[in-house]
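Look for chain A in each of the two complexes below; its partner is chain B in the first and chain C in the second.
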Partner chain A sequence: MNDIATYCSATYTWGQFTPAFILIGIAAVLLMADTFIKALPKRAYALTAAIGALLVACLTVSGEHTNAYSFLACLATGLSILLAYDYTKVSCASIAGGSNDEGTGEFYALPLVACAGILCLTQAADLIMVFVSLEVVTLTSYVLAGYFRRNQGSIEAGIKYLVLGAMSTGILVFGAAWYFGMSGTFILDSSVVIDTLRVGSVAPGTVAIGFLMAVALLFLGAFFKVGAAPMHVWIPDVYQGAPTPTTTFLAVASKTAGFALLCALVVPFRDLAIPGVLVADMLVCVFGIVAAATLLIGNLGALFQSNAKRLLGYSSIGQAGFILVFFVNLSGPVEALTFQYLMAYTLATVAAFFAIAMVRTQRGSEEICAFRGLGKTNPRTAFLIVVSFASLAGVPLTMGFLVKMASFISLVTVMQSWTCLVWLLPIMVVTAAAGFYYYFKIIRAMYWEKPQAEDKPLCVPFCTACVMTACAIALIVLGTWPLIGSFR
Partner chain B sequence: MIQNLPWLFLVLPLLVAAIDWVVFHKCPKTAATLSILSALGTFALCVAYLSGWQTGTPDVYTWMPMASGTLSLHLGLTMDALAMRMMLVVTGIGLLVHIFSLGYMKGDSSNLSRYFAGLSIFMFSMSTIVLADNLAMTFIGWEMVGFSSYLLIGHWFHKASAADAAKKAFITNRVGDFGFLLGILLTLGVFGTLTFADMGTAVAGVTPCLLTVTVICLFCGAIGKSAQFPLHVWLPDAMEGPTPVSALIHAATMVAAGVYMMVRLQISMGTGAFTETACMVIATVGAITAVMAAIIATQQDDIKRVLAYSTLSQLGYMVMAVGLLAGEAAMFHLYTHAWFKALLFLGAGAVIVCCHHEQDIWKMGGLARRMPVTVLCFLMGTFALIAVPGFSGFFSKEAILDAAIVNHPAFFWIGAGVAAITTFYMTRLCLVAFFGSARAHGAEEAREASPTMLLPLLLLAVMAIISGYGFVADYLVPAEGFSAPGFHIGFTFYVSLGALVLGLLAAIAVYGFGKRSSDPLGNNFIATALRKRLYIDALYDKVLVGGLQQCGAHIIEFIDSALIRGLLVQGLAWLVGRVGILLSWIQCGSLRAYSCVAGLGILIIIVLIAL
Partner chain C sequence: MTIPLAHYLIFSGILFSIGLAGVLIRRNILVVFMCLEMMLSAANISLVAFSRAQGTEGIPVYDAQVLSLFIVAIAAAEVSIGLALIVAMFRARRTVDSSALNTLKD
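Our next item is the complex of A and B:
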């Protein structure tokens, strides 16, 4: 029995999961308190949960088992709970009705559970752990997406996410089954890949088609999480319908989980990334096509959106496309580059969602035109919003520019070995240009459109102000520091 | 770390400009204080370095690192005597102008934070030019001063004339900068380096023809920035800006940057690189500007325009000196001129404010009795400008004339003639504006200027008197190993004294002591031509703006509308838009459609990977 276990799956230590256990612990305490202590205001749970997540984020950086994705996931979760803290007015109205905060407690505790799932996922070295931790994330997300039960959009989003998510889970498990069947193990490791492809169950030297089938299905499962074509279909509807804090969580934390998974799946293939090797050619080609499709769908689909949340949904698809370009260059530093890009994306997207939530709470709309005249009524806030959208668009001196440039450089590097990828470059250029168009729609609404008579200046909640300022500063500092850093 | 202290010259004003602009845009007092403190800080730093303090070589910042062995752009600081003494002029006059602005802009309804941020950004840009250790960095500063000058000329942008003047200055400079950029590229191509320190060795072996072209191209930059003929048209219009700005940018420092740059090149390339043809071109352009501007100045009524044309004419002198390979004399004149011309402009500013923003000298009169200190300071500046023996301008003009008579007697006589005309129009200005009786209501109510305005005037007046003597000049003139030319009574002295007396007598004979109420020389065709600035501006308007631009506009319009907008932009946008609509149409909200799309995609991926 023991033999089979060590053969099939990787071994873990308890220490690897300490941050996850801490999160689960906090979530359990909060859920108990929510059930039995009625006197506490629910917002207190939000604050506790957020602080807990952010503290664990610090722990993941300093701890023994540091992992960049864990840090990013905790940070994103903490920030999205902070957003929920500022969003209570809408939450109360959409859950219990009126200003009654009954039933909102779990809304703040559940993201912690999902985050714990992501932390486990980042440590996963075999497909069983991948599946279990991924399901922790996904199942929690279904609940969170449909949490606003008085809001039809939220329920619809929950259902759609559940159905399409179930499909993707099925595909992933199917892939895992094929993987086990072809290689005889669940462990994700380059030696397994090489052994299976070279001397697998089929004749030596030929490519095991069944194993590639497994790889394809596993990739598709990961594509669902990151929102890459063709598994992107859930994103616009779910992002638009889900409660804004949940959308934020899905857009940043869940996407981080997806890329952590994709990295774990791709890394075993890195040693094979030599031009001429059949698997490598095939993987480069597939990632190129998926990246191109994702870029086109995300960026061109965003052009005509008028709802800010839906726009950010398409934007998250488009940004995922730029990250996928890193995966085309398999032999490059995929993980580091992806982390950098996700960092820039997280900082800018979180700030953007905070702005949307604030506008939604105070102007009652998530349409782009609800941002009208913010440049006049709230010049400082408007500037912070400009920074985050400029970073998403990739304006120089923001971090978004550097990471987008890294994406271009990555493609140019890989083109030296695989010249057949030249066609991807114009697509990247066109989609990056399209990004300028739709991100600047919001900036245009803020500065070019005049505020209407009934538009009062927005009152910026404390957390929103802090987070947006911090994000803007981080984006500019991280975007300019490498330029200054060359001082000698 | 300490060796990087000189970077403060650039960082401090830039930082202050940003803070003024972003943080204190609604608190003009704080913004003004910060700007003045930054000017004071850089001035103090400059004084410290000039008095022998040393901190070692500042680090070089590699701005655009490129593959090793090929070109990469550096930002470095030159700290030689030429640069540091020039910095003293820039920061010193800058500081006084900052202080003067406090009084001058008091009660102005425009945004003063913007004004002071503009001044600070100018200080940054000018310091960049002065301290640059290579031509690329010079060019950055060159464009930045253009930009700050644009901001400051157009400070009162709601006035159409100010907005137009700002535009005119910017565009005219663009023409010169185009040549300058060509020159920089040629330098890079011919010498293989842009760093001033490496140019000396690189010159050897370059053909004279190539050298001539390079130098003339670089000189184009100076033509634009120092407003030499034929690009001089922007400077008189730039007087639409606030007067302290005119004093700092359009008299003392920025317009002198062209001369500074040419002298810097002369030193680093060596005078051998300035071939005879190039020198002839430079000296001729300078001489033409000097003569033409001086003549036009005799018929201007606006006190600032008289001074503007006089600046043009004096810049012509300096450029002429550069062309005569007398860089030292040019820098000497630049330095004395900076002090006394700043004094004249600030004096004019004080007069303008006290006469309720009246600039027409024919509507002044009798000011000597009402604001004696201001007028006295102004007269000191005038004496320096018309080269009364003993004043600073006298010594530097002698230096140029001495250089001219040795090198090229023709330029000597031109210089002497310009000196006579200068005396004539400045005496006319003083007689009409300060003597006689008030000719308008504003002048009747004029009172002495406020202390914040008087203090800079007095300090500048002192400099206007003493800065030419050896005991000051030897330490402050921006030139390597400078020693003030010993004064001797000789041929040039007699000639320039003659020019002075001639101009003085002519002006007194024509204008008396302010008894006339209109110009007796006006109302003939020469006067009209001079008032219309010899029709040069009109010619530019007709030929360049009207003709070339219209013609060019048609061609560009065709390319723009048919090819670029029609085919490329709109066509591409149309295509992209259609695809976008198609894509968002797939996203119709139907779960079945979604599953279908995803299923198809899954099939494609599996086929791609597994088969």
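Our next item is the complex of A and C:
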């Protein structure tokens, strides 16, 4: 047992958590300032927090702190705080009432704490670290989801998220207890998994069954975070009810955390991914079924939605389904593909939420019909919205097309070893086609419906304009770059 | 006489199942919260039992007990957030029944 202790102390260094410490530091300074310097306008906190998060994102791109998921989480957090900056009108009305900005300070500082939790989660190599950092993310998210205390929907979203989230935490931690009981350690490593399963095969399968139960419970906890099939019920309600900046955070940063966790749990099993090995067959089957159910629920549920935020909630379930297909192909480059898909998803979803927040602030509604006539009144903004929704749907020449194609290719690759997965292919085709229908509902509302007499052109706030333009350019450039590269 | 490991595990399994069933069945949110705590306590009992069972020469493996301490701390934080939300809900709707949570639906 002593060698495990030395292994633990050798796994983590203080240095690797520097970005997380920086974020916590900024958050602490902001919270202190919020308490003691009353004169400062709260919007200054939003700008500071957003710039801090984006700078930390730069820190995680290169050098010793390079980590793809950390980068994505910091980027998403920074952008969602920028959205909160443009959303102050609604925030003030829903927190203190009127245009008083009392009590809005924490709303900008808390996402940084959650982001620090995600950064620790991406570094986690054992279940104690996983649990604590995951709880840092979820506890902060509960507060953020229920933050608009004058808004019935926000409180309801907060309570629903808390009950279901705490349930998934209980399941995860029970799984962690059994993982420890069966393997004698919390370390997530392929040697631990293989040793535990081998002992089980000698002593008539008992240890192996307990261990598989533990792993199943751990996966359930991770499925909650990513919004995969049996644990997806919270997503539509919470996305619709939570404040839009929080919804953005949950949709992109929290989902990144979920997939980082899922990768950490799956990677120890990679060495076992050989057809004929019982555990590998079970994992492939489970991920195949979960991916199929997630795709169907997300994409078919989205067809009939009229609220844009709820539609994006179902869409995020559907997109998680396409990412889960990467996990079916365990021996493939799961982490790299997941990162690419999350990148495309993040850029498009953030832009979509900026558009929804802008429409909500100025037209007072989040329904799809509130987008009517934007093609006439704001042609340039409408084009940016079209790019982001086209990328979510997977239209060629956007990044969304490439990553969705990667998902199909990944399934075709794994079908060479596990031919029993053929049934997943038609489900993916049908759900991808369904995506075109519901994403284009918003595009149709913008171009086909006439603007009504009282609809003034929206005035686009500065941050919204910058972020939406940057996201659209990134989606198109990243989506066409491989083509340009292949012609050279 | 020592109590065998299996007894602890069966007990914690029963506690976990009762908690899970309570979360899914009960309508009063305060009771749902107690059930959530019960699920975490079940995990704690398994952890401490396993930490004894995995140990050698009477010395338990402290990793598991460290995790159970973290669980206690985080459960407390979770309850404080949850109670705050329940108070906000009660102010808004004058009830803590989960069937009143019906603003958001398809």
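What we mean here is this: the second predicted complex is superposed on the first by the 468 of 488 C-alpha atoms of A that agree within 3 Å, B and C clash if a C-alpha of one lies under 4 Å from a C-alpha of the other, contacts with A are read in each partner's own complex, and residues count from 1 in each chain.
Everything below uses one rule, namely that a residue touches a chain if its C-beta (ideal position, glycine included) is under 8 Å from a C-beta of that chain, and two chains touch if they have at least 3 such contacts.
Because the structure is a prediction, the values reported are computed rather than measured.
Once chain A of one complex is fitted onto chain A of the other, the partner contacts of A:296 are limited to chain B, with no touch recorded for chain C.
Contacts of A:188 after superposition on the shared chain: neither chain B nor chain C is touched.
Contact with chain C, but none with chain B, is seen for A:143 once the two complexes are overlaid on the shared chain.
In the superposition on chain A, contact is made by A:167 with both chain B and chain C. Contact with chain B, but none with chain C, is seen for A:430 once the two complexes are overlaid on the shared chain. In the superposition on chain A, A:128 makes contact with chain C only, while chain B stays out of contact range. Of the two partner chains, chain B and chain C are each touched by A:304.
In the superposition on chain A, contact is made by A:153 with chain C only, not with chain B. By the touch criterion defined above, A:370 reaches neither chain B nor chain C. Comparing the two complexes, residues 159-160, 163, 167, 171, 236-237, 301, 304-305 of chain A contact chain B in one case and chain C in the other.
Taken together, the chain A residues at the contact with chain B in this complex read 159-160, 163-164, 167, 171, 209, 212-213, 215-217, 219-220, 229-231, 233-234, 236-237, 282-283, 285-286, 289-290, 296-297, 300-305, 314, 430, 434, 486-488. Interface of chain B with chain A (complex): residues 59-62, 65, 572, 576-577, 579-581, 583-584, 587, 589, 591, 594-595, 597-598, 600-602, 604-606, 608-611. The touching residues of chain A, counted against chain C in their complex, run 1, 4, 8, 127-128, 131-132, 135, 139, 142-143, 146, 149, 152-153, 155-160, 162-163, 166-167, 169-171, 173-174, 176-178, 180-181, 184-186, 236-237, 240-241, 301, 304-305, 310. On the side of chain C, the complex with chain A involves touching residues 9, 12, 16, 19-20, 23, 29, 32-33, 36, 39-40, 42-43, 46-47, 49-51, 53-56, 61, 63-64, 66-67, 70-71, 74, 77-78, 81-82, 84-86, 88-89, 92-93, 98, 101, 103-106.
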